[in-house]
Amino acid sequence: MSGKPDDLQRAVEATLFASEEAMTVEAIAGHLGDADVSAVRAAVQALAEFYQNRGIELVERGKKWHFQTAADLAHLLRREREQVRRLSRAATEVLAIVAYHEPVSRAEIESIRGVQTAKGTLDVLMEAGWIKIAGRREVPGRPVIYATTPEFLQHFGLSSRRDLPGIDELRASGLLDPVDDAYDALTGVEEDRAVDEADDNQVDTASDDAGIDQA
Amino acid sequence: MSENELMFGDASTAGSDEDWIAPASAETEDTALYLELDGWEGPLDLLLDLARRQKVDLRQISILSLVDQYLDYIERAEALKLEVAADYLVMAAWLAFLKSSMLLPKEEQEDPSPEELALKLQLRLQRLGAMRESAARLMARDRIGRDVFVRGAPEGLRIDRKTQWQCDMYALIQGYGQVKARTAPAIHMVRERPVMTLESALDRVSAMLGVTLDWVSLEEFLPPHAEPRLRKSAMASSFVAALELARMGKAEIAQDKVFGPMRLRRVVA
Amino acid sequence: MSGKPDDLQRAVEATLFASEEAMTVEAIAGHLGDADVSAVRAAVQALAEFYQNRGIELVERGKKWHFQTAADLAHLLRREREQVRRLSRAATEVLAIVAYHEPVSRAEIESIRGVQTAKGTLDVLMEAGWIKIAGRREVPGRPVIYATTPEFLQHFGLSSRRDLPGIDELRASGLLDPVDDAYDALTGVEEDRAVDEADDNQVDTASDDAGIDQA
């Protein structure tokens, strides 16, 4: 099949190309001002043959014809493009909380972080394959709980979660130093810094004789 | 003007009037002309149409007869009591002026000369004519959706971006450390500090005042070898004690100037 | 051009066929996973040639390529429903003025047309995607200037602005110059004129008979 297409073939070709829907041979003939149906059928067949092995093909589905991208090139229609992105700080924190506290619900994550956690943050971590939904907690509301995945361990080079440095190790490496430690250091009160981080209402306003205000 | 120019035909022959909602030019009769009063887009448009009626190259139209036609048109429109928009009347007045200047003897002419004005009008008409012609030719091209068609149902190309997220161990534990540090309860310890209470200051000041009748400066009431923080506390307490003693009528206070040294003296009862 | 298309040609064909929009050679190459641009260009050219005289053709409009039905089949394909917006005469003229004079300010458009341009006229053309604001002219008042878009070229089947009907002749005859310049040219400095028209690189056709259609 080569050479120039005849007029009918050209008309059929253009009609099928511009059509928003697949068309039967009869519909094509009708569209072309009542062209001869068998001639149109022949033209369609000739075109289908002509387009074989090209990037596009003319196919019949349930008596209706339409052009489509060649099946073996379907991957061109949807391409995947990989991009490398650093996890945001918020996502990193959430991941760390899941890793240290799993299984953990979103509300728990928020209470540990002290800030609200966007839904998208958990989605990103699930998309990355590092956390997964690990069931529901059997408490009112039955919240979803999250846990890390084997991919997480693999990515971070851990053989198990127990390889994560403990709180004491974090503290020793300075990673737990709160920001205002710097202030304390400057004002010279470092020897007995808050050892207890459990609760804060045990502040003991030691000296009772501090008052200027009791006159 | 040069002789050999490009010629531009009547737009109506260039086809594709169909794109115009209101065809401006009435083809032939004067009557039609009048009925189309609203069909012109301004005086220049009307002039162009009248010029085309001269059936010659726009570069060879007679401005004088064009002026006559225009004035005639406006007059007749007014006679028919059609409302003639102001800009048409302004053009009429200008053309009437142009015509009279063109008919005047050369010597009496001003600058710009009527010839210049007439030629510029002609040039304007040519330019408008050219654009009108071009517009018609543009509209007559094979247009998508009218003459040529793109694919009716394209599959569409999609690019799915897949993100490869990156994070390392250090960032992870640092993140956890930050959470912990941020949310660790802030513990405020008020440490025991050396202070002099108001009571002890009162005792101390009144006892010392009892020793002398002279003015004594406030500093002298402070414990002499106290460390700075205690001294500060003592200063504050002694000051309040002094005020208290003055209030009770047991002492008087003098200060010569603002922020000057403060002196105290016992009031003898 | 016959026989089997090579893989790149098939891929380019499928991509252009499936795309909802016209694509530059670079965009095609990018879509195909950073294929060699010059190879893609060659493939596009080969395809355009291949589709000549068929019912559909591959055309270039403003550096972008797309498939469309052959123009001579318009009568067969024109649907009952017109897909093309009807333009008012004013809009038609303004579009032509922008296209032939671009970039052009509203005042310049009005001086050619001799009437004020209704606000809606430019809006309609911008909404159609045929003209766009192309900055401001650096003269007192800094008026906005307008120019045509790639969609304009696409819609009117122009490969580039140089394809605008009669533009070379209009330029050569000074009909795209302002009235005052044309007046000066006619009355005084006639011989310098061709030189002043720095921007048109076409040979001084100077032809008396270049007339587009003589009355």
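Here the chain labels run A, B and C in written order, and each chain numbers its own residues starting at 1.
The rule we apply is simple: contacts are C-beta pairs under 8 Å (C-beta built on N, C-alpha and C of every residue); 3 or more make two chains touch, one makes a residue touch a chain.
Note that the structure is predicted; figures quoted are calculated from it, not measured.
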* Identity of the most central chain, Cα criterion -> B
* Which chain's mean C-alpha position is the greatest distance from chain C's? -> A
* Would you kindly tell me how far, in whole Å, the mean C-alpha position of chain B lies from that of chain A? => 39
* Asked: How many Å are there between the centre of chain B and the centre of chain C, using C-alpha atoms for each centre?
  -> 32
* Residue numbers of chain A (touch at least two other chains) -> 14, 17-18, 67, 69, 76-77, 79
* Two or more partner chains touched - positions in chain B -> 149-151, 155-157, 159
* Asked: For the complex, which residues does chain B have touching chain A?
  -> 149-153, 155-169, 171-193, 195, 197-198, 233, 236-237, 240, 244
* Asked: Which of the residues in chain A come into contact with chain B in the complex?
  -> 14, 17-21, 66-69, 76-87, 89, 91-93, 95-97, 99-100, 112-114, 124, 127-128, 130, 155-158, 164-165, 167, 170, 175-180, 189, 192, 194, 196-200, 202-207, 209-212, 214-215
* Asked: For the complex, which residues does chain C have touching chain A?
  -> 2-5, 9-15, 17-18, 31-33, 53-56, 67, 69-70, 73, 76-77
* To do: Going by the contact rule at the top, pick out the chain B residues touching chain C in the complex.
  => 1-2, 4-10, 13-14, 19-24, 41-45, 55-57, 87, 116, 119-120, 123-124, 126-128, 130-139, 141-151, 154-157, 159
